[in-house]
Amino acid sequence: MTGHTVSALARLVGGRVVGEDSRPITGIGDLQNAGPDQIGFVRDANWFAAARSCRAGALITSQELDVATTQILVDDVGAAFARVAQLFHPLPSVTEHLIDPSASVHPAAKLEDPVLVGPVAAIGRATIGQGSMIMHGAVVGDGCVLGKGCVIHPNVTLYPDVRLGDRVTIHAGTVVGSDGFGYAREGRTWIKIPQIGNVVIGDDVEIGSNCTVDRATMGATAIGPRTKIDNLVHLGHNVVIGADCIMAAGSMISGSVTIGDRVTVGGHVLMAGHLKVVSDTRLGGSTGLVRSVEEPGEYMGYPVMDKRQHLRLLQKLPELMELFERVEALERREKRD
Amino acid sequence: MTGHTVSALARLVGGRVVGEDSRPITGIGDLQNAGPDQIGFVRDANWFAAARSCRAGALITSQELDVATTQILVDDVGAAFARVAQLFHPLPSVTEHLIDPSASVHPAAKLEDPVLVGPVAAIGRATIGQGSMIMHGAVVGDGCVLGKGCVIHPNVTLYPDVRLGDRVTIHAGTVVGSDGFGYAREGRTWIKIPQIGNVVIGDDVEIGSNCTVDRATMGATAIGPRTKIDNLVHLGHNVVIGADCIMAAGSMISGSVTIGDRVTVGGHVLMAGHLKVVSDTRLGGSTGLVRSVEEPGEYMGYPVMDKRQHLRLLQKLPELMELFERVEALERREKRD
Amino acid sequence: MTGHTVSALARLVGGRVVGEDSRPITGIGDLQNAGPDQIGFVRDANWFAAARSCRAGALITSQELDVATTQILVDDVGAAFARVAQLFHPLPSVTEHLIDPSASVHPAAKLEDPVLVGPVAAIGRATIGQGSMIMHGAVVGDGCVLGKGCVIHPNVTLYPDVRLGDRVTIHAGTVVGSDGFGYAREGRTWIKIPQIGNVVIGDDVEIGSNCTVDRATMGATAIGPRTKIDNLVHLGHNVVIGADCIMAAGSMISGSVTIGDRVTVGGHVLMAGHLKVVSDTRLGGSTGLVRSVEEPGEYMGYPVMDKRQHLRLLQKLPELMELFERVEALERREKRD
């Protein structure tokens, strides 16, 4: 592993060195295990004690520590951590055109050299941009168009006509473009509404493992650029999500929901169909959304409410039994008087 | 794409034409994008404005609009949409017997000509009915029996002994027949209870992507005919679901739950083990079911209650903090008197 | 199927025979369907009626029944059921070294004879212990180490560097080792934090289908020995779970949560990041955990509270509307006086 001097790392993260500028660093480590060739990260005051006793060669911190260890002082330790970690652990990239002989590639597929197609992957009449990787057992349906530098992990299924921008990463087992859940009632039963739309995903989107993104009934289910989605998330047909959103694991977004930009969604959230959530909204974990959110802000709960109001409610709820008793007591005393 | 006249479409959906009977239509479109060869759908009054400004060649609507566009008047726009969409976008069907050379088919498997077996699919000592499609990477275990016209999407896993009726569709990544979650406590640990039952699925069932349907401990986990299940739904061992049910994404149905016919279940519902839900019940999204439902009706909430009662409660809940204060004020004034 | 005498079965489960010691039994059955060669199980008093009318050759029960059928009396019917079922339905095992020719095995992979590698499975530069089975389409990444007797079901994906103990079972579609959900905010967008840790799973762990277990940011996401996890469960990066835990379907455990030993978690639970749950805690279904649990006990609800307190609250909640009215009435009468 190539090393970098502390001063080179400081330049990368826009930080100031306190200590040994020229010290060589060959990797990152956590405060418990980092050795003298590694750099550690002091995320906040909770880590001060560990930082004091650690053996790391250098520390990145937002506040100067009274230790002998060389330090890089930065405004935002999280962002500095990401930059330094990416330096030592670059994201996967393809340099050589390599199609595994066991892969099944349609003769009319268009693969922009170099791409990597792993064992027993299947590529239909699709277009795969330069530098993309299609891993073991992944399926790319007819009519799909993938931009440059996409990473499609094992056992992913892209149904036909899915469109991915550049540098889209999709983790293992995720399904994109399966039929939206659309049926019409006819008498006492249901008939299927063909789902003839598609899915369009912007540049630099990352989707976790075992998610499901349904194709649109007509038009497109869409995810805006740089949005990040955790594992086991469901996006229904015709959902439209903006740019730079974050959505945590287990959230279920029903059909035709529209979400703006820079929205963060906690885990296990349910959104009912056809709702709208404006840009710059933050929804806490477990939120149950049965009305649209029209003002940016922090929200939580079922029913959804202002986050602080909800937290006060959560704190008070265990006293509800007592409240019943207090009201009963009031009624009893009133009667007696 | 073959065209159909407006009058032919009207016959198909049992509707009445207002305007140009013989106008040729070659496809469907949404109101924003439909061109003069396409037919659009006016689902309800919310779509009147879009209908007035659209360029579609014809409209299907339940209420005559004051526009020059040719219209087909129907009672139920949703059902008409489904029928017309199916006409222009027929569901997939198999006309030619085609076993991809990379598929792995057990010599004793029985494939009723024609079936389609895609690349690197695996079929054990199983029976596959005429017209069925087993797509890329799907696994059909030993002893499975599939009816006619089934569609098994990529990377689906059917464990041994699963039985599907005719025209069953299973979307990508779904697992049917994995072991039920059965352990017996022995001292401070758990020992596995072998799951020796199977899964039986009726005709015309459709299951979404990345669902899990566990096999029974003994006997069968069962899904009745025409029931439709959305993505990321879990059915535990020995769950029995009736006919014509609808179950939305992310619902978790614990072991041995019994659900009647025509039950609709919203998203993100949890049902505790061994409960019963009678036919013609409707459960809203996020319902947490910890008791059986013995009367048909509309229910929601945790604890589950009558839907209207629950909605009133949801509306009132944000005022709970205030209620605490009002009771405190009453107590204070009472003391003072 | 080999038979066993009633007395042999009684010895296996530490029970006492009432009736015909030497009766041969060839399998297990449920009380509705068991025939004279089969043994049935009377789990509790709810099954007494079925036990009286059943045709089974013998019954295992914790309480002697007034029936002519031969009985084995045991303390714990559940554990006896598991032992007898395992006798007649042994868990899968590998006796012959068998690598399917369509599997893709890295030349430097180390496979301890005998192992079974199914069709189109892929094994990187990994180590697979004796007696393990890697089924159809499963992927074992570079650097993975699997112990003896592991069962990896179809279409499972193990990312690089995952470590499994002995006799670990992972059901179909589950993904272990995908990137943790880690991003740092930079301006108005997000940059990826490389996830360079791994996942370490102890002996005798079983994980259900379509789960997701993320690798650690640094260090390891860990599951202790004998812990059992149901379907569609998510474990975020750096989650640490102890030994002998049980976790039901659809639970979402956010990053860096630490769970002790012998913890049971109901279905559809959400745990917020960085929380701690002590050993011997029981969390009911639908629990929403936003604070750590520091005392062993039974808990439920959102906010989490003592189980009995929560059940009382659930019972009372439907009367909340009425409580509002009662307070209003008190206020009205007070005003009038």
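Order of writing sets the chain letters: A, B and C. Residues in each chain are counted from 1.
Just so we're on the same page, a residue touches a chain if its C-beta (ideal position, glycine included) is under 8 Å from a C-beta of that chain, and two chains touch if they have at least 3 such contacts.
All figures in this text were calculated on a predicted structure; none of them were measured in a lab.
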> Same residues or different residues: which describes how chain A and chain C meet, taking over half shared numbers as same?
Replying inline: different
> By how many degrees does chain B turn when fitted onto chain C using C-alpha atoms, rounded in steps of 5?
Replying inline: 120
> How many angstrom lie between the CA centroids of chain A and chain C, rounded to a whole number?
Replying inline: 26
> Do you know which chain B residues sit against two or more other chains?
Replying inline: 102, 120, 137, 155, 173, 210, 232, 250, 268, 317, 320, 323, 327, 330
> Where on chain A does chain C make contact in their complex?
Replying inline: 28-30, 32-33, 76, 78-79, 81-83, 85-86, 88-89, 91, 100, 102, 118-120, 135-137, 153-155, 171-173, 206, 208-210, 226, 228, 230-232, 243-244, 246, 248-250, 262, 267-268, 285-286, 314-315, 317-318, 320-321, 323-324, 327, 330-331, 334
> What part of chain A is in contact with chain B in the complex they form?
Replying inline: 102, 104, 120, 122, 137, 139, 155, 157, 159, 173-175, 178-179, 181, 183-186, 188-194, 196, 210-212, 214, 218-219, 232, 234, 236, 250, 252, 254, 268, 270, 272, 288, 290, 302-303, 305, 309, 312-313, 316-317, 319-320, 323, 326-327, 330, 333
